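After this come two complexes, each holding chain A, first together with chain B and then together with chain C.
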Partner chain A sequence: MTRLGARLAALGLALSLAALPATSAQAQVLREPAEGKRIVRLGAIQAIDSMNPFLAVRVVSTSVHRWMYAYLTTPDSKTLAPSPDLAESWETSADKLTWTFKIRDTKWSDGAPVTAHDAAWTLNKIMTDDGAKTANGPAVENFASVTASDDRTLVITTRKPQASMLELPIPIMPRHVWEKVGDIAGFEAEQYPAVGNGPYIAVEHKKNAYVKLKANPGYWRGAPKIDELHVIFYENPEAANVGLKKGDIDWIGRLAGPHFEALAGDPDIVQWNTQGRRASYLQLNPGAATADGEEIGDGHPALKDPKVRQAIHHAIDKQALVEQVQNGLAVPADGSIVPPMYKDFFWQAEGDVRVAFDPARANEILDDAGYRKGADGIRTMPDGNRKLEMRFSIHTEDPVEDKLAQFLTGWLKDIGIGLTTRKLDSNKFTEETGSTALYDIAISGWSVNPDPEEVFATHLCSRRPTAAGEGGGTESFYCDEEYERLYQAQLVELDRAKRAELIRRMQQKLYTDAPVIALYYPNNLEGYRSDRITSITPIPEDKGILYGGSGYWPVYSLQAVATPAGPAAGGSSAGAVIGIVAGAVVVLGAGGYLLARRRRAAADDRE
Partner chain B sequence: MSEATARRRGALARFWRDYRAQRAGLYGAAILAAAVLAALVTPLVTDPAGLDVTRATGEKMAPPSPEFPLGTDESGRSILLTILWGSRVSLLIGFLSALLSMVIGTVVGITAGHFRGWPSAVLMRITDWFLVLPSLVLALVLAAILGGGTSTIVLAIGVTSWASTARLIRAQTLAVEARPYVERSRVLGGGHWHVMTRHVLPNVAPLVLANTTLTVASAIVTESTLAFLGADSGQASWGSMLRGSYDWGAVTSGAWWYVLPPGLCIVAVVLAFTLCGRALEAVLNPRLRGVS
Partner chain C sequence: MAAPTEIEPAAGPAAGPGERGGPPGARRGLLRYALAKLGGALLSVGMVVVATFFLFRLIPGDPAVAYTRDVPLTPDQLDLLRRQMGLDRPLPEQFLDFVLRALRGDLGTSYEYRRPVAELIGERLGPTLLLVGTGLVVAVTLGLWQGTRAAWNHGGRLDRFSTGISLTLWSVPTFWLGLLLLMVFAAGVGPVPGIFPTRGMEDVDAPDGPLYLLHVAHHLVLPCVTLVAVVYAQYLVVMRSSLLDEIGQDYVTTARAKGLRDAEVRRRHAVPNALLPTVTLVFLHIGLVVQGAVTTETVYSWPGLGLLFYEAIKGPDFAVMQGTFMVLCVAVIVMNTLADVLYHVLDPRVGSA
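Up next, the complex of A and B:
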């Protein structure tokens, strides 16, 4: 609802409500003496949900945990392929069911040694304690046992081979600190300094305001080159943008197009515009059914026909969408759900397979398939029973999706399909497109991890909802035998090149069957102050992401100038004064209005 | 010519004479007539294809030019054309939701005024409840739950704005029912329905009319606010134009031609309705007669 909040602020209604708490907390961070320290302040438009890595799911939280704790492996800074982190090396047994990791000889920040027992305890905790499953439960579902045969050797056995074993999204926790915790699900981990073994150590967290991290001097790769890293939470992107321009913060990630463009023209701000890890796509209801194969929902019957889905694909001008809807800050999708950033797994349609923008071809396909155009220009089903009038479900409060709907409506009209836009709030949207299937065409998207297993799983038969209507996390209600076969094959294929080939074939299947149609891959948009941050390395190093990507490389590589002596500028008190004045005006105005009403009502009652 | 017809004609002439005396009311009526005429003529003289983003011919956010007298929006569509087509949606939603609000308010008001005792108490508590609810928030939630569309916006505004009308009508009903001739009618065997429709309704009708005119004004503002906050009917309206100008940064890029026209149109039409409503009130409300 940030967009609604922003508009309310623009209306002047929320001025007095929103401005105060954030500014006072942030002012506190700014006031502390910082002379001579090299501090980098990162603005996040999201607050930490939990400092307990067993519970945290938000991007900002998992990012901070990435910086505080080592994982078994980390994506390579160039190729994103798994590379050694806490695990120095690893090997698999011949049956691919037993993995042996050699754990690096390092120390926790309190001086205790890091051992394989820490890793075994962490993974066992997630496997055995339902409260610890919240964040990363699915990652260990296939594990049979995890043991530490000595201080340096971790052995994991699985029930079936698991290709994603080297990309476990799980931070290894210090057992000697965490085994004292009784109820993991209720533990907020607010004890500072936190004991960790990553490049940074959390020293302070103020809920919904900020988290402060200090460089870990004992980090095994060597201490980071800055002294402190502060993450400051903003409620809306406009405020964060103003913060960056004023110099309250030095860096913001994950910007939307308009906010990114608003940063133009400032010589001290670097606009970071690189390939993103997200794919935006349409979902076309292919005749939704439950996991048991029972039909549900009210999807348009014409969409069961792959030819209709293909015709719709032909009617979409992806290049125009990128220019008009994304202001050119995206890459048109000639592939499927994996963005080109992941070179190993990316698949691009070429030759006859490629579906180009061609309304004439779309009309031809529909004509040949027997969908006749009526006098009003709208086609009917071959049996003449139903017109091709469809709904397009989008979210409320999203101008980009709104604009996209306007374009789609125009293009589909050209091929004889009527489209009306349905705007739904996000809960209802998730329900209607994920479990009850009350949609024809819907907008969706996915931020893909270096290991794309999860995004492919969202198109499996088993992900469709249960008979009781419980959502299983399907992104398309797709169910296809060959796709299932390929998925199972890639799951157990430990040869990366062969697995990538299987994954590319799955994308081709999705592309030609079109239960989803990829539109574009939005760019990763960020901004940072070059007068504060002198150097930062993205991941991957070639045109990669700074904040919100995988791994800790960008924050570990940070170099910054020391804070000069002198008082920090105090701009926030002006904001508070304006807020108070506005609040007083609103209260007085409302009071006066009510009073006037009251008088009038009394007069009405008299006569 | 029957006596009744002659009497009605006389009343109408008297009404027009009184209304003419309200100069502000005449200005309001003139603006309204122009706006309604423009809305009705638009489909006859312009092509709605110009609203289709896939057929837009202009540059993005181009300033006014001979081809586009009021410039273009973020997709290169003519602002003037959008204003004209938007007037249809804004006026339609304004009228329909005021009508809905008036019907609910009048029925509840007359019923609560006529049946004393517990029915009145129950209806008035419901009315009070709607009166204290923040109606904009309620309308926003309703529009979000029911999904977009002209009818849902009409419903959302109508359902949230009838409470003050009901209060007003109930007070007038109480006053009318206290008059001796209503008592006489009752004694002569007039039932509830007869009293409510034959005696009360004609007597509260002028008040209803004046109140409805004012409600249209606030309904148009509510529609624009809802559209600005993201709950629109899916068609171009003045409110959704304002939202578009905000979402696509018209102000920061200096595109005044995108912000001012829809804003001024809303102001003009709302002002016109208010002027008309006040004038009608002055003419029709016996308590305000002579005060102008």
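Up next, the complex of A and C:
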């Protein structure tokens, strides 16, 4: 062995010896949090943006707020239909404009009673203070007045009937704490323990690191069965996966396909794969115009023809996309923008309406419509002026979309449409597909809430850009009279079954007109440690979501293993000490080695 | 491994021929020199401010729409948001407002956090200083030490080995190396135990008092090692080439001729002279360390400025992007100016005729 080799070997040995004593000790101590408590640690790939519910928009924050504060209603654990929460019951007036809620007699975590005045104050605050509109401004847009006629009765009057009244995404705040806040837009709400009335109480928030919640012993449904819930922030999904496998955290939601697959093979980890909230679809530029009807953009003229859009729909093999692009972790879309998870509102194409994968049929439609194939196999417009060569806009550095583009290019070639892929960074993409309409076909998607109103609003005429070219939030540049009529009708239809019917007709309209073509519904992918979490009920109970759904059922239902009393007081501090000791040993070992080497070197110098 | 000249800095330690002549009034010369450098730095800061403003407005798209990408808003609410962001005003007015505010230390308000950017930066500064500071000290120590050894044994096995290792690590993407270390030393692979935490600077229920320092130090190990591994090559290479220059000098030969031991020639004669240009380069290269910090913080969820910048890009949160970008730029300018002045002070051949 050369001298260098020997030195390396010695260094390696020193390092592994230094690490050895830590191995066995850390396996027992590092993984164990405080003894005797039942703690669940949830990893989140998102930090809290604000603990002030009037400002917070990130999923992690709104989820935590769902667990800290009661809402008027909460989605039913089985059907997702609105069910009583802070409001025990409610009724509407004959003209559908006045809602009367009976507020539950409970207590805030500081002992003060919860009254209708709390609810009235919260809603009025959002209506009257621009600084409080950030999170939930749109939800109260249609409110005329909100009053508390007594401690138990809340009365909301609206300008027009509002079907989504029972899905208000607004936590009711304790007035006696919050009315002292002067500038609500500048208030961070970092006072702990926070006063709330949900199943959990936030007791600590270390910014960009974690939120610590404790079970609320006075919760009106009864205290949760665990003692603490920690929400721990990871910037990096790979690191979160490592944390789950190692046992630093017990549960992660909203996983991407590859991260979900990386959890396979661990006997202590449950891979939770259920139907999801999201629809992935293609946008086809239907001849974009501003909200004033003035044409904009450079969409291919052929796409103005619904027949061409339908032919493209026929050319797409959704089953193949699910298998090849999504590795089977999605459901092919036989409907439109509402995923099947929402049973009440989901519409499925059947019979003659269904657009099946059928390239021959697609070719037939295009032939009949006068788009003739040239010698190169690419069709031209009926007037012969322009070839059917189109662009497919996707995001840069997204391997899934890359793969999808390859499939789509092949399929469209089979029906005589040339497709070139255009990769755009996300800002440029948003601009070109949402404001300037510089696209032919583009990829998109939307996560749908239990009340699907907002996703339907993204296809309204009024959502198209203003005359000045400012984006209004359209997802398709679609503008259709029938669709607008149905949208307005469902807004004011308080009968859930009738409203669902209107919503299904809107989906059918989108499906047959094809300004968007739904490709698949990606599954909801999560993972949790079964050696820590012994029971958790998803929402909806039948194969639903654990994290990121609406309501608090999954975290409220959590049951976990109590941590046995260990030798160390605090697991993490013990871990730190062990780590430091190991580090010190490494340093000492390396130092000793270097010293020895130095002596030798000095001896060499003397020759 | 090829000669490492390609990563040597374009701007060498020569502080400009004008100052080199060394007038008799050395202190007045230094003052004038320092003032000139300071003026240059102020000019650079001014240009950074201008560039920042226009650079981030070159990003295509409407910030209001981009920010609310998945949040459905009515056109009225989008308008309100644009007014709140000041996007409804003409560009020159926005620019003037931006400059005046920046002079007062007001970097605007984050769209995402709804808080002043200066406050967010203040919160994140500590963790970044801890990480970058520790990393810098370790990287400089390691780099200079290894560089000295390499130069003294240049061409030998030790030289080829240590230079080769450092340059290999230098060319490794920080993100990749960070993930690798995380998977090996945080999760544990085979016989290697996972003794380090997977994220952040501290855990829930961190201990108080002196134990807290240990707790943070434990979390610091992997990010710091990642940062050091990727950047220490620059110090090694600079020290190596600078010492190689000295080895050929007559005074070294004289020292040897006096019969001094090899180690003494190195320690007392060659290294102190080689250190002069190197020390200034330590400062000049801080920009690269900052750049490494952005990725390192992202991999380890380290709650610092780099992570803030990364999140702002993802947002996109323009005010935060501008603010962090400006703070990082100004830090580099300050360090470079320090380096310039320090070089003038340290080098006995400058200004002491």
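To be clear about the criterion, the second predicted complex is superposed on the first by the 531 of 607 C-alpha atoms of A that agree within 3 Å, B and C clash if a C-alpha of one lies under 4 Å from a C-alpha of the other, contacts with A are read in each partner's own complex, and residues count from 1 in each chain.
Keep in mind that, in the parts below, contacts are C-beta pairs under 8 Å (C-beta built on N, C-alpha and C of every residue); 3 or more make two chains touch, one makes a residue touch a chain.
Since this is a predicted model, take the numbers as computed values, not measurements.
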Which of chain B and chain C A:293 touches, first, second, both or neither: neither
Larger contact residue set on chain A - chain B or chain C: C
First, second, both or neither for A:396, with chain B first and chain C second: first
Touched partner set for A:411, first chain B, second chain C, both or neither: first
Which superposed partner A:238 touches (first chain B, second chain C, both, neither): second
Partner chain in contact with A:428 - chain B first, chain C second, else both or neither: both
First (chain B), second (chain C), both or neither touched by A:217: neither
Contacts of A:377 with chain B and chain C, given as first, second, both or neither: neither
Partner chain in contact with A:137 - chain B first, chain C second, else both or neither: second
First, second, both or neither for A:207, with chain B first and chain C second: second
Chain B and chain C contact sites that coincide on chain A, given as residue numbers: 4, 428, 601, 605
List of chain C residues in touch with chain A within their complex: 59-62, 64-66, 68-75, 77-78, 80, 82, 112-115, 123-124, 157-158, 161, 179, 182-183, 186-188, 191-207, 211, 214-215, 217-219, 221, 261-263, 297-301, 303, 307, 310-311, 316
Residues on chain A engaged by chain C in the complex (per definition of touch): 2, 4, 16, 19, 22-23, 26-27, 30, 33-34, 41, 47, 49-50, 52, 55, 57, 130, 133-134, 137-138, 141, 185-186, 188, 204, 206-210, 212, 230, 232-236, 238-240, 242-243, 245-246, 248, 291, 426-428, 430-431, 434-435, 446-447, 454-455, 457-458, 462-463, 466, 470-473, 570-573, 575-580, 582-583, 601-602, 605-606
Interface residues, chain A side, partner chain B - complex: 3-4, 7-8, 10-11, 258, 261-262, 317, 320, 324, 396-397, 399, 402-403, 406-407, 409-411, 413-414, 420-425, 428, 601, 604-605, 607
Partner chain A, residues of chain B touching it in the complex: 52-55, 74-75, 144-145, 147-148, 167-168, 171-172, 175, 225, 228-231, 234, 243-244, 246-249, 252, 287
